[in-house]
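Labels for the chains are A, B, C and D, by order of writing; each one numbers its residues from 1.
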């Protein structure tokens, strides 16, 4: 299966992240209809209600918008919103964890900043 | 009441057998076959019914072995018939019921006395009735009369032979005929039918009616019969 | 998904069709038992010897009494059989309730009785033919179907009713056993105990009375009424008793 | 609309309560997982829903009717379990034909295709099948019948991993095409977790929890760290499971009432916070003691 079922994150979170990636990768353009909950359920072999929950996260964040009876569509600024969100949340959380781990390993803040600076940035971002 | 016990024993045997067959059949069921079990049962059962129907046809067209030529007889009249015969004989009127005369003999005898002897058996299977003639013609006339005999409502008179008569030296020898054996089978209705047709339920009611046999002797007027073996000689009273 | 509406008669009909197939093994045991009974009957069911000095008469009787009796017992056993778990629970795989299950069982037993009645009567012809051709060397007195067609019909009908009565009895007995295993001991004990007691007292008791009640009834209409009422009572008893019976594995 | 409404349901078997005052509701067109230990009363509950057995006390209604002796309920419910009493005289093909005659929505084509896919010989008899094949056949019956309420009791028992996977997929696809209410009882929660919408957790005949399966993942968290520190942190929490690791380390599962900042502070205090998988959580929740099997060996 595509998802890590025993994973730490609930399936619907993983699903919403996967959809975000799809949008980021350009598989869905603005105003394009995205997968329905049933399509997603079939693709990932999950309960449609769970799939709907994943879609609803994105709808709540206004990355998707609903058209009654037609399904969900990608908003214009979806990519930007996703990027902003990830910066805000994901990166922040990761930094938090790094700082924590650094504390445990008795790495000073300066040392840590130095490590970040020297980290190879090439592949990850582009 | 006691008759039920063997019935119950059979019942128990049957129940055990039935359960065993059911088990065996059950085990048989699980075999994989080209045809489904229920269809096989259907075929086997149809085959069974077909055999039964063929038997019905065979039974109707069955040519031989059936008791044929045996007339039916109304058993109710038989008893009266035999009493009538006896009474008529004693009254000397036997000749008037001549239709049941089976056999006649006639012997010449010149003596004054005649021993009557039953040979072989102790008794003669017929009543002996004697009529004295009005003259002495040196002739003994014998006739054997018999009413109809029946078994289970069928006339078997023809199957009984008349007795044997012979004049030997100074004696009339009487002997029963060679016994005739009749064996036959009867197919009766099942109890669930008999119950409604008035037949005896669960029992096979047999009746045998031997009929009346009379040996009628007409002897010369002055001949004296000597009963050697104790058969009852009945003389017709004459005025 | 929208709900399905079903009617009792419809379900009973389907269950009946299903049971004809699913319970088909009982017809194999019917054939077996009837053939066995025919075999037992080959020796005759009775005889008579009589005669006088001039004639000896020996009569041997044949009839399909055994076949009929065996078939009645078959009905009894079949009815018990279909109340056992292995068969009873078959219904509960598919659409059913206890009423429809009981009704379709009753209709099935009615059919089985009818088939049993017909074959029991017809098997007397098998018996005849075997006796004619293979057994008997003496003349046989019998009536063919053409001579007495009504007797055959009467036989089929009354035998069918008898079998059905035994089915009803078996069904009640089987149901009681399903309710409590204690009845497997109690019922035979009561039956045989009653018989033995009657035997000791030298009087005929309830069992003999019941026996006479049916088997000596010479009026067909009365017989029909007796059977229908008794079978009806026995079945209703079984229906009422089994209506709360749970399905246990 | 509630398909099943259950209020104070109790079932007594020979003195012991298989179900004890159980109450819940099951909504239409949801797949619910019925989870519990052996002997928790799962099968008993399903049998009552299917109308096979009668409740001792309380009330259970299926489609607003009491299922025991209800023909309407029976026509709209199919119950598949591993002790199915299918008639021995019929082969698989005939069994499917019979089922088709009873269920108006029966999908003949689906049944035939599934039979073919799982290489079941239609001329074979049910009794001759292996345990896994019996389960497979039950599944075919359950899916093809397309009844509004389908009950699967341990549907995958005896199936090998490949067939189990196929079964889950087949179930989901048919459910998406023909939504209906399905209840699955299973030991393999981790396998069916994603199929489920709701989960009904029973323990000793009582309802423990009834919630969307998605919520279950966030319902509790695992804390691992120094025993003393953990003890401090879990003092006023609802502890679900504890286990000691090494000399002074502990793993404790508690209800997840932690706020973001609280979690942060815990982490700073040296506690590892990890999510608990749904199946682990169910094991913890349904176990008799908080320490699980370890308690047996911890005599002190």
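Here, a contact is a pair of C-beta atoms (placed from the backbone, for glycine too) under 8 Å apart; a residue touches a chain by one contact, two chains touch by 3 or more.
Bear in mind the structure is a predicted one, so any value in this text is a computation, not a measurement.
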More contacts between chains, A-D or C-D: C-D
Rounded Å distance, chain C centre to chain D centre (Cα mean): 48
Approximate Å spacing (C-alpha centroids) for the pair chain A, chain D: 31
Chain centre separation (chain A, chain C; CA means) in Å: 76
Computed distance of Cα centres, chain C from chain B, in Å: 38
For chain B, residues that touch 2 or more chains besides their own: 26, 29, 37-38, 41
In chain D, residues with contacts to at least two other chains: 88-90, 94
Chain A residues counted as touching two or more neighbouring chains: none
Chain pairs in mutual contact under the definition given at the outset: A-D, B-C, B-D, C-D
Chain C contact footprint on chain D (complex, rising order): 29, 47, 51-54, 63, 69-72, 74-76, 83-90, 94, 98-99, 101-105, 146-148, 178-181
Chain C - residues contacting chain D, complex: 1-6, 8, 11, 14, 17-18, 21-25, 85-87, 89-90, 92-100, 243-244, 246-249
Chain B partner contacts - residues on chain D that touch it in the complex: 88-91, 93-94, 121, 123-125, 127-128
For the chain C and chain B complex, residues of the former touching the latter: 20-22, 24-29, 31-33, 36, 44-48, 50-65, 67-70, 73-74, 77, 81, 119-126, 128-129, 131-132, 136, 138-146, 151, 154-155, 158-159, 162, 192, 195, 198-199, 204, 208, 211, 215-220, 223
Residue ranges of chain D in contact with chain A within the complex: 30-31, 168-169, 172-173, 175-176, 190, 193-197, 212-214, 217-218, 264, 267-268, 270, 274-275, 277
